[in-house]
């Protein structure tokens, strides 16, 4: 296409996303080149955590991202426990599940109700949506509030959960708190179904229809955020420890985030990918709804815009999963099974599913328990390559349909693409150099 | 006192967006916030954000790292009556400034993370807190900020005055809650006596040492006294300073003490 | 409303606002409920006591009364815009409400000075409480001998009540009342130059039978004490007001306690006016 | 005062009788080394051989946060919140804590009586309990080692129960209700032995009245720089002190522009703002100034009395994260002044 001269617009600040993103579009009639730039300042976490004691390091890793701070904290904590050869108790494992599920509900309800829905309903933000969609917005906020209550109950606070530490938890929540959490979860359960109906009723732009390679942690018995094997819809599978050989990154000059490749091609992670890989392991009402949406074609895996609907399904599933975990917790003794931590030299690798997709951690410690080497890859970094390709495909698709669309309308459509991925740009900009 | 509509803006630089998210986490008052004041710019929440318009109060989150950050904060300073440094990144440089003045080199950082011969097309600098770039009127510390304190700040501006800043440590709140003292009880390296209050001593109430996420108290930075206290509990001074610097990256006393220790005084 | 809460502020309305200097305004205030005004006047007998001005939801500040007890039906406060609460007060205008409690503090023991000459020494904002004493003395002119007032400030604009004091000087010309106004930071005609110490010799008061009344920044007190004693003024009749942080005004909140271990006193309850002898007894007052 | 005997096995009858008066708060172990007054439902839940709690009984009558006024700007109303405390029983107060409440009374109940403090104070039924000193105790120094008033009944441990000193009328009614017989001479002998063991246990032999002179001598000496070198100015000494009562007033408005509260919160003289006045002048700028001020304030007589504010409970030393010993410093000051030039 050659270098197109006329640059029409730059979106300085991508709205309703986490972190600083920009879109630059060069357009000449129907010739177009769209560049998505992720320019949130780099913070070099792998570099600055070197030499820090393990308990300080995991608290720093939690600061990589606010929305999925629970995933970053727990993944770095579990990687550290693998490096020290520590095995945690069942109460800690259950509480960790509850904490991650609550962070999923909080993150998805934030994205579905506050960040993505305004796009599809033609509003600048959720608050202005309140005139026509008042109940949906307030119910969405209540769901987010309940999820935050659980994150604070288990993790000590809603963002950067201090209570989750290497070896277990500082303080165990009381039975009354858990009973209250259980009641509140039941109250917000129907909001998840409202979100599913709302998103299923909208028709997604077709411009992104195409071929996606979905990657997620492989689940055998039930849909979950933890696992030891990474699987993909292209059939490639590999154990967690080998992620740096299979998922290769190359830096690009226009962004602080890099492109990621699996077998030389871009791939996608996130809610849609989890359903693509493990949809069958859902259970209860969410499995029933999932199957209906697949058969009716309302949910398809060949278009990134369905990620929002996938998140809505996960909302319902993780509410049920949290209720299940709470039932188990409420009929077992609640005395703290926190493990004594004796640091020793070693390397720990751990991948868990964060709301936006798999997050990978490799941390190496010396015998004093200080960080020697760290490699952290966030989901949005894995998605950046595919997102960038989709912005370009969306631009071409729109211009093919109606070439004389005016610039503002054109840009408003393009902005919807990164928002569909629910990007977390602050996480993505601190990647490690090639293996 | 008639109630004029207060114009408020939220502007992010380099950070984890936790402080802005915590504003969105005030679920039961979020709609009041959007109706009681005029939100002029809040990219994370609304695409109807006009960044060039003037505001009464500008909440700026994050440390200044890229040239875009610097340009943004200078532009906001001109157009805002009050600038509030929101969050420990803006107040003290945050976690990303943990090694400033203690062995941080930007080139090595870029080399470690992005590989040998790599050039961005945007200039990158070591992270700085807001008051190293522009004049800051008020400091709202915390990692992330406290919801109640944010509402207090906003309310004082609505009542046409300004907030009182806390100059006392977390210990005050910890003792008021009747928590056992983590330092005396288990000799843990708790930064409570040194960190700005406002969180209700959340971590010591969980039996964990305070890690200082609200940044050091501006006036009394008893760095030597803290180092001595932790030394008595078996934490060697260099490691004590490392812990103090995690959220107190740009405190001159700590950097000086760190340098003197490294020189082996 | 239970009236046995000593900290309960009473509602008052701003009658008039005068711009005294670029940073000070005088507010003429009176209580909304006449009974409160009556009770206030019953308690306010000695000049230069202080009140706590309370803006509910904003904060509370201690301000000296600059109107003498002889003026009934209202009271006046001269407030400098210097902090969180005073800035909001400066935005208030006539008809707005403030909440007041007091009067607190001891005020100047002027009833013990009958028959003596009076020498007023003031600097900067110190003129506000001294205005209350000065006007009280003029309202009972026959009780006192000659009166000299030396008002000083950095610049002419900062001189509190400059015109009012000049007018008083003219009307009381033949009656032994002398007003000297001086500035320290600029040469300007119609006003003297230098600190108030320099003009003590020009005061038409007999040191043997005088009372020295002073108010200003604490750092000036020691030099004035030495100066007046050197000039033969009676050390038992030298009085000054002192400033401390105050949150209650009735000796409960502990901020204004002064003294050392053999005995402590409260500047708000036992002061803020202290005599020279008391300053000798409690040297911490000067620290 | 009546001296009665409570048998060990009758302790629950005492407890049930007290419960009729109100909620019972007693010393409970809340961690390896720390005790605190917490609500208790049975006599045996209490750890009565504690030495000191981390937060003093002042928190019941002078809480860390007390809303003084609720404000409604539209209606122009500044109203006092309803009383939120009913009658309670404070079980197990040692001599020092009872004396501590007496110091607070002298401040808050003196004219003009503090409205908030007095409406809480009248609810207290105080049960004293005897104690053996540890290394931080110094009630012998501050003449507060044996309370003769300020309580309703006072229990002194005996081998087979307690010698009960019954003081207030409420106490007399309670004693009759339980039906305790008079104390026997053996009980008094055992009580005397206990008091003798207490006297042996004291580690510090200074005198508060002498210390007043000692501190007076050190008003301008630079020994305070050295003593305060390790001080973190964190205010733990003030917060845990039974007689510290400085408070700051804070206004918390709400974003609706109409409602606000004016509350008083515990303050500490170790903080920078404690002696700060408008315009920026600070009467106690350095940490050394503030330490000197606290020592003077604690040893000096409470306003209008001759009682030293300090009651010798040792909390400021036991709960100082920097490990600064109040009594050791006073000892050092005494020695320095003995051969001061």
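All chains are identified by letter, namely A, B, C and D, in their written order; residue positions are counted from 1 within each chain.
We take it that a residue touches a chain if its C-beta (ideal position, glycine included) is under 8 Å from a C-beta of that chain, and two chains touch if they have at least 3 such contacts.
All of these numbers come straight from a predicted model, not from anything done at the bench.
A.B. asks: By the touch criterion stated at the start, how many steps lie between chain A and chain C on the shortest route?
C.D. replies: Minimal hop count between chain A and chain C: 2.
A.B. asks: By number of C-beta pairs in contact, which chain pair leads?
C.D. replies: Highest contact count belongs to chains A-B.
A.B. asks: Report the chain closest to the protein's overall CA mean, measuring from each chain's own CA mean.
C.D. replies: B
A.B. asks: Roughly how many whole angstrom separate the Cα centroids of chain B and chain C?
C.D. replies: Between these chains, centre-to-centre, one finds 43 Å.
A.B. asks: Report, in whole Å, the distance between the mean C-alpha point of chain A and the mean C-alpha point of chain B.
C.D. replies: Here the centre of chain B sits 25 Å away from the centre of chain A.
A.B. asks: Give, as an integer number of Å, the spacing between the C-alpha centres of chain D and chain C.
C.D. replies: Chain centres of chain C and chain D, defined by C-alpha means, are spaced 39 Å apart.
A.B. asks: List the centre-to-centre spacing of chain B and chain D in whole Å, with centres computed as mean CA coordinates.
C.D. replies: 37
A.B. asks: Can you pull out the residues of chain C that are in contact with at least two other chains?
C.D. replies: In chain C, 57-59 touch at least two other chains.
A.B. asks: At which residue positions does chain D touch at least two other chains?
C.D. replies: In chain D, 73, 253, 260, 273 touch at least two other chains.
A.B. asks: Which chain B residues reach two or more other chains?
C.D. replies: 1, 159, 164, in rising order.
A.B. asks: If we use the touch criterion from the header, which chain pairs count as touching?
C.D. replies: Touching chain pairs, listed by label, are A-B, B-C, B-D, C-D.
A.B. asks: Hey, which residues of chain B end up touching chain A in the complex?
C.D. replies: Going through chain B, the ones touching chain A are 12-19, 21-22, 24-25, 27-28, 30-31, 34, 43-49, 51, 62-63, 65-66, 68-69, 94-96, 98-99, 104, 108-116, 118-122, 124, 127, 143-144, 202-203, 205-208, 211, 213, 239, 242-243, 246.
A.B. asks: Give the list of chain D residues in touch with chain C in this complex.
C.D. replies: On the chain D side, the touching residues are 68-69, 71, 73, 76, 78-80, 107-108, 110, 112-116, 211-213, 215-216, 219, 244-249, 251, 253, 260, 262, 264, 267, 269, 273-279, 281, 283, 295-297, 299-301, 303.
A.B. asks: Using the touch definition from the top, list the residues of chain C that touch chain D in their complex.
C.D. replies: Checking each residue of chain C against chain D gives 1-2, 4-9, 11, 54-61, 80, 82-83, 86, 97, 99, 218, 243-245, 247-248, 250-255, 257, 259-266, 283-284, 287.
A.B. asks: Looking at the complex, which residues from chain D come into contact with chain B?
C.D. replies: Those in contact with chain B are residues 30-34, 36, 54-55, 59, 64-65, 73, 229-236, 239-240, 250, 252-257, 260, 266, 268, 271-273, 287, 318-319, 321-323.
A.B. asks: Would you tell me which residues of chain B are touching chain D in their complex?
C.D. replies: 1, 3, 29, 32-33, 36-37, 151-152, 154-156, 158-159, 164, 167-169, 171-172, 175-176, 178-181, 183-186, 190, 192-194, 219-220, 222, 224-226, 228-229, 232
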